[in-house]
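Take a look at these structures.
Shared between the two complexes below is chain A, which has chain B as its partner in the first and chain C in the second.
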Partner chain A sequence: MNLRKVLRIARWEVSKNAGQLDRRAIAVGLVVLLAVGALTPMVAQRGVTLDDGIYQVGVSPESPYYEPVAQDPTFAPVDPKGTLSTGEVGPNPKADVVVCTEEMVRCAPGEVVWDDTRKGKAALAEFRKTVKQYNDLLMSRESNQTAAFPVEVSLRYEEQTGLNPAGASGSSAARTTREGEERLGGGQSGGTGSPGATTAPGGSAGSGTGDGSSGSDGPMQAPSVGSGGGSLFGGNARGGTPSDIAPPFPFESLVLAFAFVLPMNFVIQAYASTILDERINERGELLLVSPVSRGDIIAGKTLPYLLGMTAIASITAVGIAILTPAAEGATAVASTAAASVSAVVPIALLFLASAFVGGMFARSFKELTFVTVTLSVFLTSYAFVPAIFTNVHPVAAISPLTLVVKALRGTAFSLGEYAFSTGPLYLSAGVLFALGAGVYREEDMFTQRPVPLKFLDALDSQISGRRSMVKLSALSIPFVFVGELLAVALLFALPVSLSMPVLLVAIALVEEVAKSVHVYAGFAHDRFERTLRSAATLGFLSGLGFFLGEKATAVAQLVGLPNLELGRAAFGTVTGLGVETSPLVLLGLLFAPLALHTVTTTITAAGATRDRNWYAGTLVVATLVHAAYNLTVVSYLG
Partner chain B sequence: MIEVENLRKTYSGFTAVEGSTFSVPEGEVFGVIGPNGAGKTTTLKMLAGLVEPTGGTARVAGYDAQNPEMRKHLGFLPEESPLYEDMTAVSYLQFFADLYDVPTAAARERIHDTLDRLDLEHRERPIGDMSKGMTRKVAIARSLVNDPEVLIYDEPASGLDPLTTNYIIEFTRELAESGKTVVFSAHNLFHVESICDRVAVMNDGRIVARGSVENIREEHGQTEYRVYTTVEVEGSVKENGHYRRTVESMDAVEETRELAASAGGEVADIQTHTPSLEDIFLDLAEDSPDVEGRP
Partner chain C sequence: MGKRLTVAKRELASLRSEKTIVLAILIQLFVAAFSSFLAVGLVSLYDPGSVSNQFVVEFGVTGEAREDIVPVIEEQDGWRTLEYSDEDAAMRDFDRGAIHAVLKVDRTPDGRARVRAIAPDGNVRTTLVVTQIKGVLETFERAERQRLRHSLERQPVELPPDSSSSPYFGFTYTVLVPLLTFLPVFVSGSIAVDAIAEEYDRGTLELLRVTPLTGVDIVDGKMLAMGVLAPVQAGAWLALLSFNGTAIANPVEILLLVTGFSVGVVTMGATAALAFRERKQAQFLFSMGVLVVFSSTYLLPESPANAVAKLAIGSPTQLTHLSVGAYLVVSLAAFVGLRRFVAKRGLGS
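Let's turn to the complex of A and B:
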């Protein structure tokens, strides 16, 4: 690869596309950027406050309730007094909740009344919660913490399945500490045990729990982020009453993490368009005939978009790290930003690689839109859904976005976690670029064929002989891994009795397609003789390649994902995890997958020698055989 | 400068080019003609290294056509040349000059010199605002930005008005006179006839005739005699009040005269017709005999 020419093409790509933007588009783009730039810090600093001022609370400044109401942006304090139909002074009818004053009739001073509507009841519930939190805060500021929180309970947070996250030590059987201990009631971090302090003075609002002793060392969960006085991402260090403990859902973190992914969806549209633009009317032919390799062309055209994505991610990361520091200091900000960006880059690469392939396969801009939107949804789901379960469930380790959330929350992640989350993405991006590059030539680039046929063309471009089957099967592993992880992510919430069989079939299908589709592409392009002998040879080679590549998935052990029941179903057949038997049997089990893969791929290869329908039929048969094998392993050995 | 030996290209069972063999010495203008789908463009693209041959060899400027080094010595002009509309002619040409490692100063001088020769004004105007003829001139200038020894032009004057077409054909002739080797295809056989030293006629992927225009005419374009009679004779057609019988030898002319006499008529006129390249081309395209003219 010639770096000078790559950079020249990159510069040309920028200047060429800059000319396509008129002033109006630039203005709109700037407005959008400014809006994102303004909103992101706001979200980072204040969290998502869609409910600002949603409830009106009638409370006088002299009331002890005024302070908590005024501090909570959910409420808008208003004059508590209103005029009744009789002309007397009563609760303000416009307020959702009113704290009565002495002037009011039909309402005792200090009593809390509310509008008898759904909104009024919701306002009352929120009012109670706010008052309770306010009281907790006051208690935490007491100089005598022992008096404020006479009972101290140590909490140990544990994973639902008793697993360690990536990099943590300990056996899978042990239910171990997740992120260190949290302290309820007292302690240096300022506990917020609330011994019934929120009882309303003479009103119905008082509902303090008064139960500071209910903490246990059972499977408690992480405190909710951003509630109360803790920092947005450093909130784990605060204490709280047991009733404060809510299912962890790092919403703000995810919103911010989404801020990393969102711009990518726009960038890939532009990128895919420029790729397709080269194919329209054979425009890119002149580049192909110039003394640069297609690798130079692709790298040059991709570089500006990758740099753009990285720049956006860097700015976002630095902005968030400055505004909501998990730790103080420029070094901490830089390290948080660097960690976040390092996790975002493989996502950006995969987005670009997918868009590149989409641009190479689509026949028109209309078709490209469909392809890129589908890719956006799929990739965003893959990155985003598992990250919701950051620090909750090991399935979160799948997504690099989890690393971003961790980085923003000031939680370190290990190299093993990084490799596990990003490895499949790096590899998938590489393979996708290679596939697209395979058809980045005059003969394929300018032909108008349906996307599936283009995909077969791309696979065929990578075939140079029978041995290519080994290579292509091995290279399919990242996609298999991504597909299986996605299946795990989508199914793990369902009951095991339901999710397990579905998963076993899904995994079998993914693997059978991955092993056989290039064999089919080879037959479809008349690369191989259409005989059963040829099918058997190709089936064996493809199965062998898959078997060898599959061993790479042993990296799954790094994070303990296979210990999850679904993870075991997904990867157990690969690694033989959980099997406790003699070495001879283990050896047999090690090579059993080889037999499985070669046999099932030979079945599909036999179908591929005929036509598409035969291929589809044999694919079903191979999938069922494979699923039966998986079921056997899970049932008797796993 | 160009050596093509038994060149072959197939696409999924379809043969686009079969067994093409020819050579083009330095400084020659070589024309490739044939009907649509004859394999002309595929042949030119194989010479340019854009399409990988299924069989045979093609060497250009001493390199295998698939060797990226060869591209430095080649200027290629495709039949359609959609350029990047948002770039100006100069920035577009400068970009390609950079890719060909032409020093910036030399490139600038060469670009403006070529555009001067092509009489292209409005060089700083976006290409999208240019006429088709002007765009074509920019594309031609692009093919010359690296000062190549070999030029491969596919239908250089396709879809242009007669004035611009003549301009481009003349320009091509000048390029050949300056020592460049030119291979080009054209539908307008008059242009081919007027500037090509030699031609190859292609049909159904094969070269069906090859050589100088004169040789091909001599080989495949037999002189015809059109004998006009006052009465109808065997094989004649009515034309302008007489009956025309086309024959290919003086013996046949005599036979026609005898036929007319026996029918009570006479020969009114005899015309000699030398076929143009177009006539030969149409004839060859119809019959597609696998024959060659003298090299």
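Let's turn to the complex of A and C:
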């Protein structure tokens, strides 16, 4: 790759786009951007109004319940009285919840009645919550705050060392010291500022188990899920009363995900357009015949977009870092922002890489739209969903946004954690660019072929002989990793008895596809002889490559998710690490996966020699064999 | 009309032959499945009863004033207490996982109860246990307030009865249904941009122009094809949801609203494509424009997402019905405006 050429192409890309913009487009764009800027604070101020007025509550103005109902926009107040079928006055049948009045028959005044439907019950639950909040509000106006808030609370999080899954990994360094002393709110009581509202002394951290600060830097432990669940954007207003306790659930992740990931969706739209543009009416021909390499062209076309995304992310990061209390002072803001951007860049790269492949594969603009929307949805949920569980569950470590949340909280993250969260993304982005670059040539760019065939072409272009099977299998590992993590993220909420078998089959399928699809591509392009013998050779080589690549995921075992039962199911079987047993069994465990992978891939390779249906059929068989093997290993290892 | 239908059919046929429309369906399935999984997962973290009824939270209670809180906890089925006179013993039991949380209760000089709660860190149960601690302490607070009611000038309002309702109920109507009804609308608008920009970009507009079609026919046909897709998909979702036991109260009105938005958004897409011709610019301005339009609807007394939620759950007000009509009228006006413009100016060269 030649840096000067790359930069020149990047400059062309920018000037071409700038040249296409006429005054009108710039004007409209500015107006739209200004509107976005002006609307955001206004909408943010109004808040989320999704559940306004969804429940109808009948309550008369005299009732003590009238005030709470009137204050909560979730409720639409209606007339409590209605006519029963008997002609008498009773609770309004249209309302979900009714507070009875004196005129009504068959219900005592002040009694709360509700519709016996799911909606009625949901309305009642919401009603109860609202009354609780109203009571707290009422009490905060009391002069005797000791009687109004008779309970004060401080909550502390502490590791239960006895619960760590024994034998999951060789290292026994438990994370004992992450006791997050959580002060619920400041010392001042909100509102009245009355005496007696000061809360318990803060420094009670030492009163715990006192198991000292050993092992807080234990070797390669699971990415910590942090401690405490204070709000990112400032603390709670009132002192430590029971209603101030908030389960650790950072809704801020949602804000972050949208602040960082949303602009990426717009940028990849433009980027994918650029790529597809080259392919329409053979416009890319000129660049292709010029004395620059494919890599130069692709890097040059990608560079402006990557820089743009990084710039947007940096601005966002600095903006958020200034808004959050964790960073004070210019250097703190800068380091927080830098940490956030370093975590977001791999997401941007993966977005670009998949948009590049989308642009190379799509046949028309319409198809490209479907592809980019799909990419946006998948990648956004990959980044966003695990991050919801920051502080709650180790599964959060999958997403780089978790690192962003940590950086904004002022918690440092280790290099190991960074590698765990972003490694798969970097690798996937690299492989995707390589795949797309494989079809960046005349015979593929300017022809119309369905996406699956293009995909096979792209794979085929990476095959140069039998040994390529090893390489391709090994390179598929990051996708397998991402796919499996996605499956874990999807399934971990279900009860283990249900999610485990589904997960085992899903993982087996992902791995079998990854091992065999390039073998199929090779046969489909008549690269190899369609005999069983060559199928066996290719199957063996592909299985071997996958095995070798998989050993690299031992890193995931060490850094990754050993605490999580599902993580063990996903990755525990492949490494055989952390099992204390005789050397012979260990050796068996080391080579059993090799045998498994080569056997199952040979099965699918045999099917791939025939046609698509045979391939699909043998894929099912191989998946079942694989799942059965995994099940045996998981139950054997307990 | 026949000519327009031909154009529309051609557009739909090209979508069908590419088969990537399957992706659009896939996305929506993914969104629905994912949000359901997510909601069920979150609910199970918060509310043990919704997933398994058998989970009992055990509190280790210690401190001088522990006798005050024990009866409050014991009243509830899902809560159990173990009393410890020694805090270290409680912490040891907590550490080996025999109890889920430790509550140390004592009295401050002014008579308040001071509770120091210890919850497990970084564990799947953390959220659940913290939610339960909150429940216990709120009950305790109510009991204490009741005891001290003579020192209060205002009395707290009595709590309505508890109901065993799934928190997922509200989520379905306020998030899932609006998401599934509006997502197809955006995708349709985006493809409308493509359908027109493509003709300019590939130079195939010239071919269309030599046919007996007028500019209005071409634009109409393309918009018809894309505008129909969204309400059809939304309708399918509503049918699927009610089939799965989520009752949708006003399906016809929801579909009317979706049709209105579909017409409006597709008109926006077509306008952007006709004005800028080049896909990159048109798509960008279209998506930003949609963002602006949708966020500005939040400033209305009733946002479209909220209107769909109210209609689906069965609490529409007069305003809801009026706004459905208003959205339809505005969208149709925009559509008619665009047709006039095309009729006058043509499609350009």
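Side notes on the structure shown:
To be clear about the criterion, the second predicted complex is superposed on the first by the 409 of 638 C-alpha atoms of A that agree within 3 Å, B and C clash if a C-alpha of one lies under 4 Å from a C-alpha of the other, contacts with A are read in each partner's own complex, and residues count from 1 in each chain.
Note that in this section a residue touches a chain if its C-beta (ideal position, glycine included) is under 8 Å from a C-beta of that chain, and two chains touch if they have at least 3 such contacts.
Predicted, not measured: the structure shown is a model, and the values here were computed from it.
Shared-chain residue A:Ser290: touches chain B; no touch with chain C. Residue contacts after overlaying the shared chain place A:Ala25 against chain C, while chain B stays out of touching range. Applying the stated contact rule after C-alpha superposition, one finds that A:Ala317 touches neither chain B nor chain C. Touched residues of chain A were counted for both chain B and chain C, and C has more of them.
Looking at the shared chain after the overlay, A:Ile463 reaches neither chain B nor chain C. After overlaying the two complexes on the shared chain, residue contacts for A:Pro64 are found with chain C alone; chain B is out of touch. Contacts of A:Arg8 after superposition on the shared chain: chain B is touched, whereas chain C is not.
By the touch criterion defined above, A:Ile280 lies against chain B and chain C together after alignment on the C-alpha atoms of chain A. In the superposition on the C-alpha atoms of chain A, the part of chain A touched by chain B in one complex and by chain C in the other spans residues 17, 20, 280-281.
Those residues of chain A lying in contact with chain B across their complex are 5, 8-9, 12, 15-17, 19-20, 280-283, 285-293, 441-443, 525-526.
Those residues of chain B that touch chain A in the shared complex are 11-13, 45, 48-52, 68-69, 71-72, 74, 76, 78, 80-84, 86-87, 91, 95-96, 98-101, 126, 139, 142. Chain A contributes residues 17, 20-21, 24-25, 28-29, 32-33, 35-36, 39-40, 42-43, 46, 49-56, 64-65, 68, 76, 96-97, 112, 114, 118-119, 121-122, 124-128, 131-132, 134-135, 138-139, 141-144, 146-163, 175, 178-180, 196, 200, 204, 207-209, 224-227, 229, 241-243, 245, 247-249, 265-266, 269-270, 273-274, 277, 280-281, 362-371, 373-374, 377-378, 381, 385, 388, 391-394, 450-451, 490-495 to its touches with chain C in the complex. Those residues of chain C that touch chain A in the shared complex are 14-15, 18-21, 23-24, 26-27, 30-31, 33-34, 37-38, 40-42, 44-46, 51-52, 87, 91-92, 94-97, 108, 110-124, 126-127, 130-131, 133-134, 137-138, 140-141, 144-145, 147-148, 151-154, 156-167, 169-170, 173-175, 178, 187, 190-191, 193-195, 197-198, 201-203, 275-276, 278-281, 283-285, 287-289, 291-292, 295-296, 298-299, 302-303, 305-306, 309-310, 313-315, 317.
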